[in-house]
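Structures given as structure tokens follow.
Look at the two complexes coming up: chain A is in both, with chain B in one and chain C in the other.
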Partner chain A sequence: MSAIHVTTKINGDVVDYVCEADETLLDVLRNRLGLTGAKEGCSTGDCGACSVTIDGRLTCSCLVLGAEADGREIGTIEGMAKGDELHPLQRKFLEHAALQCGICTPGILVAAKSLLEHNPKPTETEVRFGLAGNLCRCTGYDKIVRAVMDAAQEMRRA
Partner chain B sequence: MPLDSTLQGKRDFKVVGTRPLRPDGIDKVTGRAKFGADATAPGMLVGRILRSPHAHARIKKIDTSKAEKLPGVKAIVTREDLPDHTDGDALLYDVLYNIMAREKALYEGHAVAAVAAVDTRTAREALKLIKVDYEVLPHVTDVDEAMKPGAPILHSTIFTDGLEPKPKKPSNVVRRYEFGHGDVEAGFKKADIIVERTFKTEATHQGYIEPHACLANVGPDGQGELWVCTQGHFMVRDTCARLLGMDISKLRVTASEIGGGFGGKTTVFIEPVALALSRKANRPVKVVMSREEVFKASGPTASTSIDVKIGVTKDGRITAADATLRYQGGAFAGSPVEFGAMSAFACYDLENARTIGYDVVTNRPKQAAYRAPGAPMAAFAVESVIEELARKVGMEPIDFRMKNAAREGTRSSYGPTYGPIGLLATLEKAKQHPHFKAPLSPNQGRGMACGFWFNFGGQTCVSLNVNSDGTVALSVGTPDIGGSRASMCLMAAEELGIPYDKVRAIVADTSALGYNDVTDGSRTTFATGMATILAARDAIKKLTARAAQIWGISAEAVTWEKGYAKPAGSNAGNFPPMSIAEIAAQAGATGGPIAGHHEYSADGAGVSFATHICDAEVDPETGATKIVRYTVLQDAGKAVHPSYVEGQFQGGAVQGIGWALNEEYIYGKDGRLQNAGFLDYRIPVCSDLPMIDTVILEIPNPGHPYGVRGVGETSIVPPLAAIANAVSAAAGVRLTSLPMSPPRILAALDRKAAAE
Partner chain C sequence: MRPFIFERATSPESAIAAFHADRATSFLAGGTTLLDLMKLDVVRPERVIDINALGANEIEISEDRLRLGASVRMADAEAQEELRRRVPMLTQSLALAASTQLRHMATLAGNVLQRTRCPYFRDVSWSACNKRLPGSGCAAMAGFNRQHAVLGASDACIATYPSDFAQALIALDATVDVVGRRGRRQLPFAKLHVPPGRTPEVETTLAPDELILGFEMPIEPWMSRSLYLKIRDRDSYEFALASAAVALEVDGGAVRQARIALGGVAAVPWRAREAEQALIGRVLDEASCQLAADIAFAKAQPREHNAYKPLLGRQTVARALLQAAAMEA
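Now for the complex of A and B:
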């Protein structure tokens, strides 16, 4: 099988890579580009640990081929903080102790950011359904929901 | 080790009990934290494991010749490459058999061979080229079926222990356990009302989001390194070294950040295989399980079948309690039935109690620990009967529980007499809680349940180095599974009298510390925490001695206060207080580096109790259940970092909600798992749940200087019963099988309608 050349933008930077035709975007990010913030929890799109955005749309990167990223804009957890300034969601997750082991955290943060971009003033129920594609086994989601609601409020004030 | 009584009783905390940010927080929210699958090494190969498609089969021949010839394949290992070094250690032999099948494959997913290749595709291709000649055998996956005469026998070597006389024929029953005191038959004669019921629970998986992953690197000199996500890297080191016939000193294991474990990462699966592949290929090898492999070939918990019989007098006093518990723990000995039998009646003050447990093997993956192993199922059965008895006696279930609750001085049903415990306190608090009095809507029911867990101490070794600027480097050997580094920094800072952010805790690798038991048994904040406190006291002794040396007075004349050495009184001399930083800066001139350490087998882990309240709403049309309100009240002894204590309460409750309502291992007639993925094995998602309210009680554990009790496991013990009681109240019919999935609830509603 011959490799495919891909030109894409990841977290604002132009990136070139070659990948196999059957390689997922998640594998490309993790194994070829060293962006291991996206995690593989299931490889079937059920857990959301590999969440990224493609052209602003929330996606499981395990369900997309690396070749499909050509000409698109990819956003990953590594691009969420601006320099040394954490995104309000990242800050609120720490303040609310909204993570225990932290393996789902990158995916949940990417999903929560996407949720707040589409709905800056979500109700608790909207947050719960907005994050229903991201599994967390440690927290029971209570502190995650509180952190997202708190971050949303702060972002609205800003 | 008994605790020095002078260490006890501290209650005036400065930093313990506050909620600072965790030291590993930034890495975890930015994607920088390195988990098991995130490591790489130069020249790294990809390891993949071939697994049995059969639930039970004799392995007649494994032919790897074609796979070996595939370009890019660098090593293949089978049972031949993992010879038996276990030297008569039966438990270790089971581990060996479990990580690579020997004469038989004992469950679907049992490892049969492994390949290391240059890339994933080649490794996958090579697995297809390995030819295994199986003779398929009859199988059994249900616990009650496995105990019947004539059931397919897994091991010709199992003759039930604990029976008199010892059976002459092999069976699937590994061992019979019995606990209790008094005379249950006499007790039942005094009872006015007796309730007797049988319960079943299905196997569930811990469901950690991070699949097992490791990176092994063994050189031609026989020295090896292993990077692995585990709850205990010292356990991994010792187990792997023994399985591979290596000196322990030749293997260095580093614990990665761990993406959840809940007990499931307290043993080895892929690690010895990765090391064997690396040794054979002479290259680093990374092995990462797929989610399907995690379900089929790691360690879920037991499925169970339990009989409970409890008798009471008309005024609500329990006269006798009896239970028989049958747990299947997969293909090898060691289901958690012993803990189930020990803990079943632990919440009650009983004159006559007996529990009998049977450890049973079946053609399923070998179970691993899952948060309070064995206890939630036993509590489900017992607390369901307790609720029913209370109603029959005409008492509020909470009053009935309070009347019969274990308290300080109660002889527990498993033997020891309790010291100060918090069960009654959680019940009293529950009764006052607004949740308890809140109105219910139609189709809703309220249930409650109590739960108990032993907690554990274990081998622990901690090293605390005072840096030249007066900051502190704390090395612990227990992987941080949910914020424990923050708790360690809090305890070190409290003891030394310095700010929290002046202490940095790391999980050191196996070459840096003495043996540390696994992070399990809710032991880390208790045992590693106590070792940290004692290491800090050791450092303080040295710091004050150095100050004395500098001042030219005796060490006894110096005290330690708020991070400063001070002369003990005016007689000692008139010197200004000297800070930890000032003493540390002169360390080179006063005798060298200053460090405190502590190593021990921690004793005195205080038992822990909780009471949970649950409101459930059952849709009579669909049988679907929604948890509408949930409250956890638990004794933490002392909450070191309250946010992470609450997190443990909430996480355990929600795992219990999944276990109660949805999660189950579903086997086909062919003995194969039908739902090995998160779509069909559905763990709770965010939209399934309400907020989980928590109430932390602090009844100090006399076995810890700050009163700490472990909190991680107790929170999963009451939910199965609390939810079953709520659902049964809502549905108007007693549910006795878990999970209470819509088909089971509809069937129960149909039974109720037919009976009316």
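Now for the complex of A and C:
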């Protein structure tokens, strides 16, 4: 198998990498680039723990080949905080204790950020439907939904 | 995943040229079905051709026609305000499917070509699956077949066809625009899929080198009176146990034209034409809608665990028709 050369932008920085055909974008992020925020849960697109954005679109990175990212812009959880300053969603997740084991949290934060970009004033139902592709087996979702609603309100005021 | 050769195509012509008949080749678009099934070892391509850059992203809406490019993502078609207003059944069938992530990834052509969710097909540790291993049998027959088809199935396969969007396409008399080595052709959407019969491994009439370029359909003013009703175990991110795509042309209280397609209950996209006929000239009320629903499931063949489906399906059809009848179109 011949290696594939890929040029992409990740969280605003140009990144070049070489990968095999059968490596997913998630594999590349975690194993080649050290960006281990995105998690491998199910590996079949069901759980959303691997959520990233590609050209601004919310995507399961486990169902995208690393080779497909050529010329695209990737956004990961590592790009969410500005230096030491947490994104309002990250802060609200801490305030509401909207996580327990934390495996699903990076994917949920990326998905919630994307949700609020499309819909800055979601209803609780819209948050629940919008985040349906992100499974959490600890919290029962209640605190997650509250944190997202609270963050949305704060972001609207800002 | 097993190793494979990766190639990129930037046009339909280059995608078809990259296709090698002698090596198992798959076209890769949204990847939500293909990479999933490659990881599960259900499909084993030796070559994968990335067709994400080949175009076919158009959404063209005129007064009386709609064209949707094959590569349009589900989320982008669903977000079209004009489509939501003029053919709500179409956008609802997309919005009610999958998750936000998957709707942003999956293409319309990939959606209609998605493989069944039959657990015996998706799990290679089951040795009997005629769709995966022709001639091996069907573990679902005597297995846990709660989700399986009651219409259009065969003794060789009772897998349910999973797409919601396909039900809107078949109800709208859509045409499929296809290109392959032998050139370009069009076929009715109703002729794209084939019932399992004795060869459940054959799912469509596409040649292996053929690509879908887009879908075209006539749209008429009355199609604003249409909807997609999906019944499932939970309210989001789940496949249908029963669903109905319905559109009604009503004139002076009586039905002039009806379209009914059924999801979650059949082996292929399913148009209930006899049920449609039964409504013509009738006033839409409990009795006429129930009659149409009964006709739609008259030939249903339930198995041990899906015996609830004909009743659930009839109730779904009747409710969808009554809801459409109550719409202000």
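Note that in this section the second predicted complex is superposed on the first by the 158 of 158 C-alpha atoms of A that agree within 3 Å, B and C clash if a C-alpha of one lies under 4 Å from a C-alpha of the other, contacts with A are read in each partner's own complex, and residues count from 1 in each chain.
FYI, a contact is a pair of C-beta atoms (placed from the backbone, for glycine too) under 8 Å apart; a residue touches a chain by one contact, two chains touch by 3 or more.
Worth saying up front: this structure is predicted, and the values here are computed from it rather than measured.
Student: Once the two complexes are aligned on chain A, which partner has more residues of chain A within touching range, chain B or chain C?
Tutor: Partner with more touched residues of chain A: B.
Student: A:T44 contacts which: chain B (first), chain C (second), both, neither?
Tutor: Both chain B and chain C are touched by A:T44.
Student: Identify the partner contact of A:T24: answer first if only chain B is touched, second if only chain C is, both if each is, neither if none is.
Tutor: Only chain C is touched by A:T24; chain B is not.
Student: Does the superposition put A:A132 against chain B (first), chain C (second), both, or neither?
Tutor: Touch status of A:A132: both partners.
Student: Considering only touches as defined above, state whether A:P120 meets chain B (first), chain C (second), both or neither.
Tutor: Touch partners of A:P120: none, neither chain B nor chain C.
Student: Of the partners chain B and chain C, which touch A:R57 in the superposed model: first, second, both, neither?
Tutor: second
Student: Share the list of chain A residues that count as touching for chain B in one structure and for chain C in the other.
Tutor: The overlap between the chain B and chain C interfaces on chain A comprises residues 20, 22, 43-44, 128-129, 131-134.
Student: Hey, which residues of chain B end up touching chain A in the complex?
Tutor: 19, 21-22, 24-26, 28-35, 37-38, 121, 206-211, 257-262, 288, 290-291, 481-483, 641, 643-644, 646-647, 650-651, 653-655, 677-679, 683-687, 689, 691-692
Student: What residues of chain A sit close enough to touch chain B in their complex?
Tutor: So the residues of chain A touching chain B come out as 20, 22, 30, 35-44, 46-47, 49, 76-78, 80-81, 86, 90, 93-97, 99-106, 109, 124-125, 127-129, 131-146.
Student: Enumerate the contact residues on chain A facing chain C in the complex.
Tutor: On the chain A side, the touching residues are 1, 4, 20-22, 24, 43-45, 48, 51, 57-60, 62-65, 67-68, 70, 111, 114-115, 128-134.
Student: What does chain C use to touch chain A in their complex?
Tutor: 1-6, 8, 28, 30-32, 35-36, 39-40, 48, 50, 52, 73, 75, 98-102, 104-105, 236-237
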